[in-house]
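The data blocks that follow each hold one structure.
Heads up, the next two complexes both have chain A, just with different partners, chain B and then chain C.
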Partner chain A sequence: MSVIEYDVIVIGAGVAGLTAGAFLAGKGLKVALVTSGEPTACLSTGCIDVCAQAKNPLQGIENLPDEHPYHFVPPPMIHQALSDFQQIMTNRMLPYTGLLQENSLVLSAIGAFKTTCLLPVTMQASPKSDDEKIHIVTFAGLKDFYPGYIISRLKKSSFSTYDAGVSTTMGIAANFEKESFLEAFLLWMEKLGIREDKIAVPAVLGLESAPVILQKIENRLERPVFEIPTIPPSMPGRRLFNALKDHFRHQGGDIYWNWPVSGVEKTGRLIEAVITESPGAPNSINARAFLLASGSFVGGGLLALRRTIVEKIFDLPVFVPGQRETWFNQDYFSADHGIGRAGIAVDSSFRPADCRWDNIFVCGAILAHTEALKNGCGHGFAMATGQAAALSCLEYLQ
Partner chain B sequence: MKSEHCIRCTICVENCPVFRVNPDYPGPKQAGPDAQRFRSSREKSVDEWVLLCSQCKRCEMACPSGVNPAEMILRAQQKYSLEHPRKAAHLLFANNYYISRLGSLTAPLANSFAATKIGKRIFQRMGISTKIPFPKFSFKTLREQKRAHGGKNRKVALFCGCFINFYRPDIGKKIIQILQSFRMDVVLPPQVCCGLPALGNGNLALAKSFAAKNVSSLSNYIDAGYDIVYSCTSCGLCLLHDYSGVMGIPGAKKLAENCYDLHEYLLKMITEQEMKPEFKEVKQSLAYHIPCHLRALKIGYPAASLMKLIPGLTTRILDDACCGLSGSYGFKKTNETTAQQLGERAVSLIRQTNAEAIVADCGSCRMQLGGLSGMETLDPVEILWKSLQIQNRK
Partner chain C sequence: MIKTDVVIIGGGATGCGIARDLALRGIPHCLIEKGDYAAGATGACHGLLHSGGRYAVSDPIAAKECYDENLILRRIGKKCVEPTGGLFVRLPGDSKMFRERFLRSCDDVGIPTEIISSTRALELAPNLNPELEEAVRVPDCSIDPFRLCMLNMRTSELKGGLSFTRHRVMEIIKSHGRCIGVKAVDMVTGESKEIHANLIINASGAWTNLVAGLAGCEVPMTLSKGSLVITNHRLTDMVINRLRPPSDGDIIVPNEAVCLAGTTSLTVEDPDKLFIQADEVDVIISEAGRMVPHFNQTRIIRAFSGVRPLLKSQKQDSREISRGFQIIDHQNGMFSIVGGKLTTFRLMAEKMVDTVMNTFNLKRACETAEKPLDGQEELSGYPLSKRLADMKNIVCECELVTRKTVEQIITKTGTRHVGDISHRTRLGMGPCQGGFCTFRALGIMHDKSILTADQSVQSLREFLQRRFRGIRSALWGDQLREEQLVEYIYLGILAMEKNP
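The block that comes next holds the complex of A and B.
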């Protein structure tokens, strides 16, 4: 057998693709992951939304419409996918907390509360109501975070500004990885004489060691400290991506960066290889099965044209929610836009419905009827469908 | 150029090594698509900070929208350099090829001069950093040592690159020996610098003249049935990407289509059953620092796939950190701190793996990482050569 022939090629480096890829690589299969760039997961808050519109995510899933792809994942498998995730993140020193039976609240950068299921341990102490007294520490010149938004809602809070020498999220986060910087920051914090019950910082506490850095601040100031997720560049999103990527690699998977699929090779009912354009000799990779996790519109898996919607890799049939006029709601901020239902409809084995190919499996945000915004189906949905599609793919290959 | 495709998601900014440590650089989003809208061919460039981009291409690798900030910045760098007086360091590094030829001819003298105090002071006056030691010229270059070799199977024309030719001909010899051991015909065709140092120092005309010479020479070999194989990932990226892109050299497409990274080529030969290597055990744990330009080649990490076949070898892939040197970039005084901070971070990630040695395809990455860490650095070729137990024939 050739050295570069893979069992499975995963398309997309988001949470769904990385979860599915790591699961299959962990079962001893040769897995390659191709991606055209970094995923939208990097832009996320790093929180794991399972079904954020309900108080109890599991109950919420049960109440979703019949055609929702969550119903193809048996509830024990949802449990399994999320507890596997928690284990992975604990091993990667970025533990997550939370319960599948009850959503938690996380304070956002505009002072509103976001509902989520699992959250990074650095957000564990996030307040649950407007009444809590928090002291916000922000950084001079950091233009992606305004404590004023939060103080206008949490009236009992106050803020201080630290000059970190640099004013960007990445720059400050990189500084926090240095002992000397943290020490100087702690000395400054001690002199503030903070009276509030909790301390909040925008999510810039380190590139990868955030839980350790947070713990050090808590120990010195003797009160809970938590991170507030910011707009991109979002460190918690990047930490999540990096950890899942490292885990995938640790399981033996290969990643091909900047590898937008521009064509496929097929024979009969099978896809045989994916091809990318390159200035050099044609690049193609073979595999026995393909897992599509290319995301929805923002992720780049779907493309809306004037009259229709296309799937960009395999040109799979796309479920289109009626006429274009019905795709959108007048209210921009409404989560209930028809377009949220667009995507690839699948059967219970996560194979595309009415598909000419036998060896394609689909997971994550590209699935039809997901309505990610309306139902709050985020990374948790990606993990659950990722694992379910991977299992189905594994059964097919055996 | 697709500046309008940018959705301002900042993923490129998160991936920019320079932006992370140098507050003077506005990052690839601003320097690329944002500034692009204000650039006009009829107006003189004013944005000197474009020169702070090290052309690692990480922004392009990360962009989910297919935008190419690095290329926009590269073009802006060329325009800026053309319109403004060049600094001594830029002139020196652009002409690295000629200087290396001179350096090799006078190797013992040139090496000891570069290490003296007065030598270092002269370099500093020219705006050149002496933080990490310069590579040592080799008295006999690879091209002087080796001529054509008879073989039976495939025919390979090796583009060895300046680093191997002038500084590490021993690695070049090992490449030739590996290919020969599988009965391949290996030649070193007439070649000059790939042109990347000239491009990186704002001398597009010089880069183009290098490129044209290489394309015309290598084309003859392609016509004669040779596959072109390069081992330096930055030379490779320049041959494949910049010859047809920024430089627009006629015949570049033909070259690109017949040009392979050494390890990519070996994998291809194994797949096509042209060679059946028997890898012997190498007991070592390595941190494999992926050069930024290998990522940018879009061929995966072929040397990693090969090293996976070696029994006893453990390799940890590290591709999140740029070493910071970026060829001549980090040797310039203005970039010294940037290069050092980035290098130290790369080294700290390497140390976390507890590896015994660092392996990297790129000579300049090895120079930086070895210089900052004091650890042993290896080219993947050296590992393969050891594992294949090839005797050092004269």
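The block that comes next holds the complex of A and C.
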């Protein structure tokens, strides 16, 4: 078994892990990130939900229940984390817009309005009300995009269908990266004689260069164009992930891709190493501190058993919200299910409560009492807690 | 107004069987069902075509009926019966005395049995508990209740029978004390229909007493709820029963790609208000896990329950009430048919239609046991290789249903209910339980102008709530993980609201 040495190991390649990892690497630490594969961020809309249940996200955070982990992040740090993010994305040619003082609306693929804080510039022109007149362009054979759902709400809208030769989200997005494909698409668009005020497309405008492609379409058709986030696979989610991953590497961090953690080595009150399953032989990766950002149930950080809930890497104590009968209430649409509170409870330094080890820090969706869906605490929460946990970790190492 | 000879209320196996029998004996009829075919207990059972073994000790008459019908259905319904064979397994601690009674009773009834060693049993069903003492082989089979109903209705349709699904009977029309017809309302459009007939047959299962009440009659019943769970995998290729007196969680039935395990038996009051408790699910899993240990780890994709419509009896435990059936003549032009089992539906229909023929003073013998079910030839010829070749048009990845198949069902049936598509294609019956494909199927229904955009969204909303009711009591492990993803997609990414 080979042994590799680091200052910090981050577990999980989602927004929390990548933010924390890049922050620490930027401070000159030797950081490794281990992941079992693509994070759930790739499935997301790419929008940055900070706290979506209030008009003003900061106000919303203040009103969250006392035990909510957001309260361990000082407000200036939330500002810092989000403005750092915007800077990173601007540098990576995927700028985000929006204000931390006021949430925005983004039109969803079912014709509802999703509340979020920062959004990819490709969604900036998204309508804000049912009254707007938009023309939706969809693609032949696309399985998960039905303009009819949107027209049920935006009744003054219409749609056309383009045959892109392929019918998968990824395939169409890859086509858009080609000059000739874009040109043919533009010619077809010009012939449609669109009268509506804005043009909507499902989020397939390129694998990486969406803002540039969108700009070209806007210039030719002389109308605002915007992307509508799709259900997975989601291009804006992948663009976000790729940009944060590249930034982390740029800061000097290493990524061990597809290396799920299978064991842990510990001595006294310290975790010494994680053992990972890797091609060939297991590897032990040593570090002085560990940052757990393995996500909630979907991300794979938590596992619900019939009578309890466990944390899969360190077997940390988990806050279990009552017996199984109470995990889900009857109303599907309430988003207010007990299970949303499950996770790792932490103290103000983002160390797990009642933990036997001193060098573990926890951030992101695995934190207890987050209620991510109910409170609309998404990537913004991941960034804020990622940076806060990373700062605690840095102080500990110094 | 529609005029016919016989109105059948209820599109479960019994009602559909009666429609087929009437069709073959040339009697005009009209079937009315408030949901889709097989919507009640028929579609909410374990899909076991009993050999009769399970009832041999306690109810030899029902056991004999089951065995006879088992032989008939295997012959006439090859496309909906899978001749899996079944085992009754005796585990350490299970009474040897019961084994003796079981073998003797099966022998008396005429059910063939074969005692096999644990080694041989493990060869036949490798996932069995290796500690089993021995097993008894019986001719149990699995049966697809949805398909069974559709095929029975096919005969009715070919012979000009009428049927209205998604129609609720609101009133039984009477004249001089006799039932002469029904008023039914189309649940989709709200339109009312009046159907007149010489006879009314109430085959509405758990709802029998409610329907009888419309004609001022009463059918005292015990409603016995049976809950079941569905696994993500086909853990066994044979039906597995526990060799002991009937109890909770002692049957496992393979069905297509999954297994069903059950059942419990709890008396309920209202067939429209069924809830599954977490402890019912736990009991089924741990009992099924004693026979097939994989049950303790496997992914459970849904729990559901159906209601056995049993005639009221003095017996305290509903398991002891006979599974035999009974035809009640209300002496006013209406008959109710209650009790029985999915396995004996054809026999129930035969006896019911014999009564109808007597009433009409007509003579024509029943042919349902001899003639193969109509429409079976249409069901062959769609092998996996063909479906995989068309992968990019697959709408339901779990059950490999293509867009074309969905469109065909829409065109053929004109349905406005996504559930009808599921019952006819298995769309949404796999691990995601429609989490991904229903959104698509409803999008297609809008594309085909069957539903307006608003109706599609509303149907999706209702579907999600209904689906959640089914999976809510089986959420842990990977199924919980998947459910959280689906919830994140609909409520997070799509920002769906309960009331827009």
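In the analysis below, the second predicted complex is superposed on the first by the 389 of 398 C-alpha atoms of A that agree within 3 Å, B and C clash if a C-alpha of one lies under 4 Å from a C-alpha of the other, contacts with A are read in each partner's own complex, and residues count from 1 in each chain.
Following the convention adopted for this analysis, contacts are C-beta pairs under 8 Å (C-beta built on N, C-alpha and C of every residue); 3 or more make two chains touch, one makes a residue touch a chain.
Note that the structure is predicted; figures quoted are calculated from it, not measured.
**Student:** Per the contact definition in the header, classify A:L43: touching chain B only (first), chain C only (second), both, or neither.
**Tutor:** In the superposition, A:L43 contacts both chain B and chain C.
**Student:** Using the superposition on chain A described above, determine whether A:Y149 touches chain B (first), chain C (second), both, or neither.
**Tutor:** second
**Student:** Kindly classify A:E272 by the partners it touches after superposition: chain B alone (first), chain C alone (second), both, or neither?
**Tutor:** It touches nothing on chain B or chain C.
**Student:** Check the residue A:G280 against both partner chains and state whether it touches chain B (first), chain C (second), both, or neither.
**Tutor:** Only chain B; A:G280 stays clear of chain C.
**Student:** Once the shared chain is lined up, is A:S167 touching chain B (first), chain C (second), both, or neither of them?
**Tutor:** It touches chain B and chain C both.
**Student:** For A:E218, select first, second, both or neither according to whether it touches chain B, chain C, the two together, or no partner.
**Tutor:** Touch status of A:E218: no partner.
**Student:** Considering only touches as defined above, state whether A:E196 meets chain B (first), chain C (second), both or neither.
**Tutor:** So A:E196 meets neither chain B nor chain C here.
**Student:** Tell me the contact category for A:P232 with respect to chain B and chain C: first, second, both or neither.
**Tutor:** Both chain B and chain C are touched by A:P232.
**Student:** Report for A:F113: first if it touches chain B alone, second if chain C alone, otherwise both or neither.
**Tutor:** Only chain C; A:F113 stays clear of chain B.
**Student:** Chain A residues touched by both chain B and chain C?
**Tutor:** Dual-contact residues (chain A): 40, 43, 167-168, 232, 298, 300.
**Student:** Which of the residues in chain A end up touching chain B in this complex?
**Tutor:** Spelled out, the residues of chain A in touch with chain B are 2-5, 32, 36-40, 42-43, 166-168, 170-171, 174, 177, 232-233, 238, 242, 249, 254-260, 276, 278-281, 283, 298-300.
**Student:** What residues of chain A sit close enough to touch chain C in their complex?
**Tutor:** The contact residues of chain A facing chain C are 40, 43-45, 108-115, 141, 143-144, 146, 148-149, 151-153, 167-168, 229, 231-232, 234, 296-298, 300, 303-306, 323-325, 327-328, 330-335, 339, 373, 378.
**Student:** Contact residues on chain B for chain A in the complex?
**Tutor:** Listed in rising order, the residues of chain B that touch chain A are 7, 9-11, 13-15, 19-21, 23, 27, 60-66, 240-241, 244-245, 253, 256-260, 267, 270-271, 295-296, 298-301, 304-306, 309, 317, 319-320, 345.
**Student:** Over in the complex, which chain C residues touch chain A? Could you list them?
**Tutor:** Against chain A, chain C makes touches at 277-278, 282, 285, 392-393, 395, 436, 439-440, 442-444, 446-447, 452-454, 456-457, 460-461, 464-465, 467-469, 472, 475-477, 480-481, 484-485, 487-489, 491-498, 500.
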